[in-house]
Every structure is written in C-alpha cells, then in structure tokens.
Amino acid sequence: MSALPIIAVWLGAWGLNAWLSRFDTRATRLAVALIFGATILILWEMIVRIHAVPPVILPAPSRIGASVAQNTAILWTDFVQTILKGALTGWLIGALAAIATAIAIDRSPFLQRGLLPIGNFVAALPIVGIAPILVMWFGFDWQSKAAVVVVMVFFPILVNMVAGLAATDPMQRDLMATWAAPYRASLWKLRLPAAMPFLFNGLKITTTLALIGAIVAEFFGSPTRGMGFRISTAVGRLDLPLVWAEILVAAIAGSLFYGIVALIEKKVTFWHPSQRRQRG
Amino acid sequence: MTVIEACDVSLTFQTADGPVHALKDVSLTIAPGDFVSFIGPSGCGKTTFLRTIAALETPTGGTLAVNGMTPEAARKARAYGYVFQAPGLYPWRTIAGNISLPLEIMGFSRSDRAQRIARVLDLVDLTGFGSKYPWQLSGGMQQRASIARALAFDADILLMDEPFGALDEIVRDRLNEALLDLWKKTGKTIGFVTHSIPEAVYLSTRIVVMSPRPGRITRVIDSPLPRDRPLEIRDTPEFIALAQQVREGLREGHSYD
Amino acid sequence: MTVIEACDVSLTFQTADGPVHALKDVSLTIAPGDFVSFIGPSGCGKTTFLRTIAALETPTGGTLAVNGMTPEAARKARAYGYVFQAPGLYPWRTIAGNISLPLEIMGFSRSDRAQRIARVLDLVDLTGFGSKYPWQLSGGMQQRASIARALAFDADILLMDEPFGALDEIVRDRLNEALLDLWKKTGKTIGFVTHSIPEAVYLSTRIVVMSPRPGRITRVIDSPLPRDRPLEIRDTPEFIALAQQVREGLREGHSYD
Amino acid sequence: QELTLQLKWVTQAQFAGYYVAKDKGFYEEEGLDVTILPGGPDIAPTQVLAGGGADVVVEWMPAALAAREKGLPLVNIAQPFKSSGMMLTCLKESGITDPATDFKGKTLGVWFSGNEYPFLSWMSQLGLSTEGGPDGVTVLKQGFNVDPLLQKQAACISTMTYNEYGQVLDAGIAEDDLVTFKYEDQGVATLEDGLYVLDSTLQDETKVADLVKFVRASMKGWKYAEENPQEAAQIVLDNDETGAQTLDHQVRMMTEIAKLTAGSDGTLDEADYQRTVDTLMAGGSDPVISAAPEGAFSHVVTEQAVQ
Amino acid sequence: MTEASPTLAGRIMPVLTVLLAIVVIWYLAAVWMNAPWVRDQAARADAVLTTDDLVRQTLTLERPVLPAPHQVAAGLWDGITGQAITSKRSLVWHGWITLSATLAGFAIGTAAGILLAVGIVHNRAMDQSVMPWAVASQTVPILAIAPMVIVVMASAGVTGLLPKAIIAAWLSFFPVLVGMVKGLRTPDAMQLDLMHSWNASGSQRFWHLRLPNSLPYLFASLKVAIAAALVGTIVGELPAGATAGLGARLLSGSYYGQTVQIWAALFAAAILAAALVMLIGWIESLTLRRMGLAR
C-alpha cells in the first residue's frame, strides 16, 4: 500500500502539533504553523514521488526550491513589478479613496442609500472582465494593474468603512450629543476610532484581493516582466517549477502583507474585545 | 425664571407588540439652583424623562423648555452634563482620556484640561487610575470615572441617571457630600435619578415620585431641609418624616404591593 | 461539612503597568445553608472572589474547594447559579428565551421549562414581559430578568454579584423577602455581593467585610439574627447595632476616610 | 473507439477540418468516437496531453519542440498546415518599412504562452535585443485582441492572416494604412497547427491504428472544408458554444485557412521541419532549443493514412 | 433615537439619482474616450468633422473604447430577450451555466469555511496551524493554477461543472472563514462566563452562543463569498475550454474585440451577483428579524 507512509506522516505530524499546541507560547505557536506547512510539503513531495506524478502537472517541492534558487533575479524583478508597483500602489490608492469616500458620504444617508447598492454592483463586476478594459485604458505597464487593484479593493473597504462609521453604540453617540459635539469632533473622536475594527477587516481581506488583481491583470497584456506574465509564459514553456516558484513568492508576499496589516490592526484596535482577554 | 419647564410631556415607544407609554402628561417646573431627585419603580420612565430633557428623545406630546429654549437648542448650547445609568466609557481611551474627551471637544486648553482631569479624578477617588483602560477597572470604578467626566466641564445643569447605583455606602456618602458641596458652591441645577430614598431626601430640594404604566408623576415633595446638610441630618426627625413621605408615595405607585 | 473552603487565596492580574493584587491571602469557610454577604469599597475584589469560587478566574495562590471538589469540578457539576453585576442577557433571545437557555442546556423538559419560566418571571415581577427583547426593557428590568435566569434551575449554591443594585427600594425589599423565603425553603447556600449595609445585615447569616489594595478580608461578622426575618426586624436595636458594626468595618478599609 | 482531441485555441475555422470530420460523420465511418476539446488562452495543449486529458493535440511546432526538450516526449504524427499564417502588422504611420533597420526602439506586441518562439528567433536573427532600449525592441505581452494597435500602444502587433488581420481591417483601418511582415517571407516561418501525441502512444499498435483512422478522417475533413468554405464555416458556428462568432468572420477565416492547408495531405515535409528547427536553433545567445531534436516526428501514421 | 426605516420610494430615489449621475458621466466619458479614434478615422478619410458628427459617431462605434450606455443596454437586452433562452447566443443560457457552478462552488466553499472556522475556534492546534496557510492559499493566483486544476481534474475524469465549482469554492471559503472566526469569537466575556457557569458543553456553547452571535458576521461574509464564487466560476470558465458561461462570453468578446459584448456579459455577471447578494440580504433580514436582532 503506497498510501500507508503518507497517512503515517500525516498522523504523526498531527499528533505532534496537537501536543505542541497545548503549551501555547509564542515559540510553540510558530512551531505549530511551521510543522503544519512542512507536513504539507513533505506529503506533497511523497505523493509526487510515490505516484510518479509528471513534473509538467505538479512539480515536487524540491524542484520548486531549486528553481527559486536559480531564478532569484527574475523573481525579484517580477516581485517589484507586480507586488510593489502594481498591488501595493493600487491598494494604497484604493484604500485611501475608499476611506475618503466613506467619510464623504457618511453625512448623507441619501448618498449612502444611493451609492452602496451600486457599489455592491460594481464590486461584483468580475475582474476578468474589467482587466482587459483597464489595460486598454491605462496601457500595458503597472499603472493598469494598479487601476485593476483600485477597482477591486475600493468597494470592500468602502462598505466596511461605512458600516464601521455607523457601528457606535447608542450610549456613546448619546454622550457626544450631550456635549453638543460638532460633526468633526464626533467623527474624529468617536466614529473613526469605533470604525477601526471594521476598516481593518476590509483592509485585511483586500490584501489578498490586491495580489490576485495585480497578477491576473497581467494575463491581459503586460510588459515582459511581472508575476502574471511569468506564470503564463512559463506554463507555455512547461517550466512548471518556475510557475510554482512565482506562486510561492506570491504566497509569501501575500502572507507578509496580510500579517503586517494584522499587526497594525492589533496595535490600533488593542481595545476591541476580539483583541484582548477581557472580563465581565 | 425657570430652568426646565415641562408641560404635559408624553412619550410613547412603538414596539412590535403595541405602544409603550413611557411618559404620560408629565408636567414639572425646575428653578435655577434646584436639586431635583426622581424616584420611582423600575421602568417608570425616569431615564426616559431625563433623556427627553437632554434632547436625546423627542416627546410625542406636550411642550418642554430648557433654559427657555427647546431642549435641542439647549443641548447645542452645551447647557448640561449627563451621567448615564451605565458607565459608557470609550474603550480606546484611558480613564484620563475619557475625561479629557468632552474638554477637547469644547476647546479647553491643554493645561486647563490636565488640571481639571486631576481635580475630578481626585473628587471621585480615582487618582492614579488615569492611565488605565476602562476594562481594567471594576464596575464601580468605571461608574465613578463616568461621573468625573460629566463634572469636568462645569455645565450649569447636571443630569445624572443613578450615578451612585454601583457604589458602596461609604463612597456613596462621600460622593453625596462632594456633590452637595459642588452644588452649593456653584449653584448648578441638578436632575438626579436614584433608587435610594435616603439619598433622594439627603440631596434634594425637591423629590419627584413617579409611577409606571403609563409613566407619570404621582407626587412632588418639596424639602424643608436647609441647604447646609451635614451627614448627621439623616438622623433628624424631619429627615425621617420626609423619607416616610417619599416611601408612601412610592408605595402608592406599586400597584402590586 | 463545608460548601466553600478558601485558604490563603490570592489573585494577581498582570497589567501593562504592573501587577494588580485583586485578592491577597483570603481565607473563608462557608457551611451549607449559609447566607454570606460580601461588602466592601469599590474595587476591593468582591467580584473577583465570587468569580474565583465560580471557577471563572483561577487563583494565583492558595487553595479553594467547593463542595469538597475543585471549583472547576463543582462548575462542571453545575453546583451554582451566578448573577453577574451587569445583566448580560443574550440580545437575540426574548426574556423568556433567556431564562429558558440554561434550562435547555441542562436538559429540562419543555413543559418543565415553561412552568419554571412562569414561576421566576412572577417572582421578579416581570410577568407579561417574557416575549420582549432585552433592549426593550429598562435597566432595572433587565437586571431582574437576569436574576430570574439564575434562579430558574435551582442550583444548590447561588452566587449573586450586586443583583439588586439597579432596583428601587420597594422592589428591592420585595426581592429581598422573596430571596430570604427561597433560601429558607430550599436551604441553598448563598454568596451575595452588595453595597448596601442594611441589605447585607437583613439577608445574611454572615457578613464578610473586604478592603482594597490589596483585596483582603478585614472582618467576618456572624449575625445573631434569627432565620425568620420580617422586614420590621430592621428597626430592632440588634439590627442597628449590627449595621453599625459593619459600617465600622467598612470605614476601616477606606484608607482615605 | 474513443479519442480525445485538444485544440490549441477556441472553436473557430482554424480547426474546421476536425469539426467537419466529426459533423459529416467521417470519424464515425472509421469507427471512431472523437471528442473535441476547445482550447483557450490559458490552455497549454502540451500540458493537457501530459496530464492525460487528451490523446492528440493541435500544437505549434516550436512549442512542441521546446516541450520535448523539457522532457515531455511529443511526437508530430501529421502536419495538416503546410505554411505559416503568422505575421507582424504595423501601422504605416509608425514609419516602419524594413524590419532590419526600422524596428529599433519600437514597441511590438507579441503573443506569449508558447507562441513567442518564432518572434524571438526572428529578433535574434535581426540582432535586436528584446529587452527594450534604443537598440532593441520593447516587447508587449499582447492580450487577446488587436486593441494595442488600434490604441497605438504598439507600433506593430502579432496577427494571423486568417484572424486578427481581418479584425484590424474590420475595425476600419484600410490595408493602405498598414504594413505587414509575414514570417513566411522573412524566412523565419515555423510550422503551425500540427498533430502531436506522446511517444508512448506510438508504442501501442492498437493506438497507432486508431491514430491512422483519425488522421485519415481528419484530412478528409480538411479537404472537404477547403472545398466548401461556406458549409465548413456553418459547421464551426454550430459547434461554437460561446455563440460569439459570426458567419461572415468564419467564412473569411476558412478561406484564409484553406491557403495554409493547401498542398498538405497530412504528411510532414521534412524540409519544412528542418527549416523550423534551424530557425529555432539560430536564436543566438538564447535559442529556443539548444540541440537538434531526435525522433520529434514520425511518419508511421501518415504513411498508412494516405494510402 | 429610533430611525424610521425608509420607505420604498425613499430607498429607490437615491439609487436612481446616483444612477442618473453615473449615466451622464458615462456618456461624457464615452464621447471623450472614443473621440481620438473618430478623429483619426476622419483624418485617414480626409473628412471634416462637425462637433455634432463627432458626438454621434462616438456613441455609435462598433468597437468603442468605451461603449455608450445605450449600446450596452441594447446588447444586454438583445442577449436576454432577443434569443431563445436555450440559444447559445442567449445571455440567459450562459448565465444559467455560470449560476449553477457558482451555487455549487458557493455551497462547497461556505461549508468548508464554516467547518474550518468551527475547527479553528474549538481546536487550538487548528487555530495555530490553519489560519496562516488559509491566508497563503488566497494569495495563490488562481487564474494561474485554474488551468492546472482543470487539467488535473480532467485527467482524473472529472469535468463539467465540478472543476469550476471547486475554483469558485477556493475563492469563496476565505471570506466565510475570516468572518466566521471573527463572529464565533465575538461573544463578550460575560456571555461566555455565563455559559461557563452553567457548564454548557462545547456544542451547546456553539449552538446557543457562538453561532447566534456570529450570524451578522456570517451574512456579511456570505455576501462577499457569493460574489467571490461568481468570480471564481468565471475564472474557471476561461481555461475550461472557454466553451460556455458568462466567462466564455467575456473572453470571446475580448478575443474578437467586441467591446459591447464584453460589457453586456460584464453587466450580466454583475446583475447576477447583485441578485445573489440581494437574495442573501433578504434571507439575512428575515433571519435577524426572527431572532429579534434587527432593530
């Protein structure tokens, strides 16, 4: 039975993790996540080897690793082009625009009621449809990728921010009323802080969206660098280890991006019940 | 001149299973410098009436004037400080930050703020807790912080909804004295909801007894006690008689009693 | 036999600016059928001690036994009912649904549940409010609903954290009587946090006076009053003497007094 | 006998021969049950073949040879397309008249995903860097359509005689406003649309027999399509599930395709093969393939099929 | 402080106003963006253009850079009503194909997301190991691996709706997971303590406290998830041989430069998504009202 060693490794790793997780220190938490990942990689390698999966279908992690080592220069260029120029700029512009819009329409229930349903509609426009159009409008380079990212992240953040601005509890609002707080004060001192947990929810979800957007947009036209470009080209050349190397970079970059935003969230919303162990 | 003038004020909440008459034909006049306590069984509309004065609810009937203006205009003029039944502190600000908040909004200078914060923290015996977050304090400490916040900016009218409910007798006595002191010195007008008959009698110049379903005023008792009230006044016969009067008024309202 | 046996219990919270000694070397023995009140200034650790008994906090020092087991085991055996300082009702359930919840969890039958809900609603005078949602009730009504919830499943130990804090005197008297009645009939062991000296004296067989920073027990006063206590007992000299004793104990703890 | 054919691109007259053979029952006559899988921009037929998703694929020879060098043993079993339809179409206003001198510093649109090889060979033969700069050309990864030319984002774009070129004309640009360079004329033509299978398939007698029937029926389909462009176009249209094609377009495509299939009975011309290999290996510093492939084609199937 | 819920007219008027504004801007943009092409064409033909001509031509181009609203509307109308719904030119037919895979993927994704969230909240080993990898999974560019998924599944004999549904599920499980983890963790400490004091079992805590508490979060996530599932399906339709479905429509429109067709397919997809989101919103308000949470 060729499946037997695979199952054995799985069970072994799971047991180890279950045991480790009981300690719940910073070190063990990291160890647990790493062991989980390592297990997946080992299982992957085992499956590929034991079942002799052709490398053009699924290369083994070891070959992907080798490809990463070989192609660092290419990977770096692509990272700069797609992640730093495309995804990050787009995400920043989209997030700032969404926050500004949320604040702008916050005072007007009329605009909110008019804009949000349409916002939901626009958010539902599939990226594969928008990307070619934006490439046509903004050209081939990273600007069009950033534009795609802006469109993708704008509405999720807007919707969260609007919900957040409304998410104060009645007594907190009443207090502001008793002080006759002018609009700006209640915005800065009450609604913005109260909106932070929601805003960060939106920001976190959109980190991954931004990456997907920037990469996918490159399928619809790009200069000869970028992760999406490399992936589609490498697939055509059956250089699957390079494809997976790019995917690996995307995954690491995305996790880092998410992690950084989550870290900032922790700092900013330290007071929120989901961030602290509070009492009754 | 009157500070608060309520004339046949009614307020009905529309709920899924029919209207709730929280206030019905409530009329009351409060003069400047009055200390008025509201007492009555749970659910009789005390909170609702205080909120109406503060323009946090809009009456569905009758007229209400605060400082000769509409409650709304008075609110805009920052005529009052309000202490809610629950502490309602902002979790993202420390205790000092919470007290500072209305001061910032009203544009007090930084040094003035620091001074006022120190003063009111001392008043409610929370000196040293300024840098703690609300969730690190006990229930009573949170309530005191919220009192401090309402006192910090020295409004002419103070509306307090069971401010001392979560406090022990000693602290309560202390804060009662402090409040009386403040009131005498500043001549503020105070609206005060309480469940404690001795507290109401000890503090007030007038005691308003309310009864529920529908919420209305059943008695208004003027206190013959002098403005200077040492704690010992609570053992005088006048005090005890007054308390008895309030207790009777209260009992009337309790239909089930 | 003892129900609760605390021996040198300590509890320290680690906060950003240093440790807070909420409890220090607290020793106490509670026998079956005791009615023990905890009284003390705000922040002295009453809530914390009650929570430790209920296995909601773990002491950082000392030993604690409930019904001869660890607090954790006692909790698992559903040894107690707990009323929190704030109502803590579930907003997505009606008042009746809230009371029903622990019953459902403990597997009471549908008809049994209905009967118990009706009984406790009546006990706290909320008959007719069963189908309302928590946010449709006043603060006091919510607190009564939460008391009803803790009473519904008839645990042998009742732990109550300022259950009557938000209630007016009349309702409070009524509920005090009802609680005493229940206690006499069922022989429950009751741990009761309060700020009111008369309430503590009226209800308890023992009064535990605590003082803060660090939280500790300063006095344990055994009540000489009989188990049968009409409301009028509060005017007897024994009662007043006892109250005075508690007040003194309390005053000792207030360093600033 | 069941057989699956993976196309290189979406359903269109480029593959008319196979659709005609299926619709006209030529496959059925041979006792074959053929499933035709349309391709798309993200389908690499070689990968589908390796994954076992198809028995035969339509692929361009550069991609096939490159895959072979990557260790995927593709073998050409038939070559219905005799000549190449690939060209570079430029706007006259860009001032390009001679590839050897005028491409410098210009932006050119190129298809990737395995279709970039002929272009890369051409550029290296011209001695032009594809990394941009004043002495090289800037390469754009061209999307699906001819917009880059219409929007003037590129001086030239890749087109096929039978498809994109027509689209440029349809868009309203006159032939006079365009300059075209056919790969065929530039001497860098490579073989397009051939039929490929895995080496292992050819080791199996019964499978070879099936392939023979398949190629025979397919070529019959191609010849029928050449002669009846109208009907062939209609058949393609009927098989197009996206409903996006128009008859006019497909008829024109069929007419142009017929020029490319003309003169092929399916047998691979070894001279054409050699030219393709030479072109690919002449890639200068970065050749598409580094060594002349061995056994990259086989006449086994066509020899029996044309009898 | 209770705000009366707006009337139907009060809800529709703002939308219409904003829509009107958008349409006006759109027309202006269409003229502006299509003008260079029209001018070029005129120059090539040596014709003189009046402003009137310019505007008219920019709004009626066959391959506009930005089609005018009425062109898209006509395309949509023709796609929806102009054909028998079984016709391959009918947007209804393509919409249905996309919808069925979307729903299947949404169901799989939601189930996976909820199960994972429950596992994460209740099992510490899962809490510490799954979440970082779930995040990583979302950063994998699916459009890149979609073809491989399709190929691999096809080689395993799985074709048709399922491969697309799996790609849709891949995209939709994440919002559900994030929302549910947050939602299942929102109960405040007192509510948890109460459950604790009753010694409620893990499953009782889940059903009576965590789940009801998480519902608002769940519904918010479901709305995101269903839109994500639709995107996933469309992405899955591209390499699946681009045969049928709105994704194939988009692609073939794109391939032949038929801008109007792209926009019509785009709008059809968005309308579908909006309808699905509204459906979930409706279920949400129904549920929350029954639970007494809608105030």
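Going by the order they are written in, the chains are A, B, C, D and E; count residues from 1 in each one.
Everything below uses one rule, namely that contacts are C-beta pairs under 8 Å (C-beta built on N, C-alpha and C of every residue); 3 or more make two chains touch, one makes a residue touch a chain.
Here is each chain with its UniProt name: A, E = ABC transporter permease; B, C = ABC transporter ATP-binding protein.
Predicted, not measured: the structure shown is a model, and the values here were computed from it.
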{"item": "Chains contacting each of chain A (ABC transporter permease) and chain C, listed by label", "value": "B, E"}
{"item": "Intersection of contact partners for chain B and chain E (ABC transporter permease)", "value": "A, C"}
{"item": "Chain-chain pair with the highest tally of contacting C-beta pairs", "value": "A-E"}
{"item": "Gap in Å, rounded to a whole number, between the CA centres of chain C and chain B", "value": "27"}
{"item": "Intercentroid distance (Cα basis), chain D paired with chain B, Å", "value": "86"}
{"item": "Chain D-chain E (ABC transporter permease) separation of Cα centroids, rounded to whole Å", "value": "35"}
{"item": "For chain A (ABC transporter permease), residues that touch 2 or more chains besides their own", "value": "57, 132, 136, 174, 219-220, 232, 235, 278-280"}
{"item": "Per-residue overlap in chain E (ABC transporter permease), given as positions that touch at least 2 other chains", "value": "1, 65, 143, 147-148, 151-152, 155, 190, 193, 238, 251, 254"}
{"item": "Two or more partner chains touched - positions in chain C", "value": "47, 51, 56, 84-86, 88"}
{"item": "Residues of chain C that touch chain E (ABC transporter permease) when the two form their complex", "value": "51, 54-56, 75-78, 80-82, 84, 86, 88, 90-94, 101-102, 104-106, 133, 135, 153"}
{"item": "Chain E (ABC transporter permease) residues touching chain D - in the complex, by the definition given at the top", "value": "37, 41, 44, 62-63, 65, 87-90, 94, 143, 146-148, 151-152, 154-155, 238-244, 248-249, 251-258, 261"}
{"item": "Residues of chain E (ABC transporter permease) touching chain C in the complex", "value": "190-191, 193-201, 204, 208-209, 212-213, 215, 291-293, 295"}
{"item": "Of all residues in chain C, those that touch chain B in their complex", "value": "13, 15, 17, 20, 39-43, 47, 85-86, 125, 131-132, 136-141, 144, 162, 165-172, 174, 195-197, 247, 250-251, 254, 256-257"}
{"item": "Touching residues on chain D, where the partner in the complex is chain E (ABC transporter permease)", "value": "10-11, 37-44, 47-48, 51-53, 143-147, 150-151, 167, 170-174, 177, 240-245, 249"}
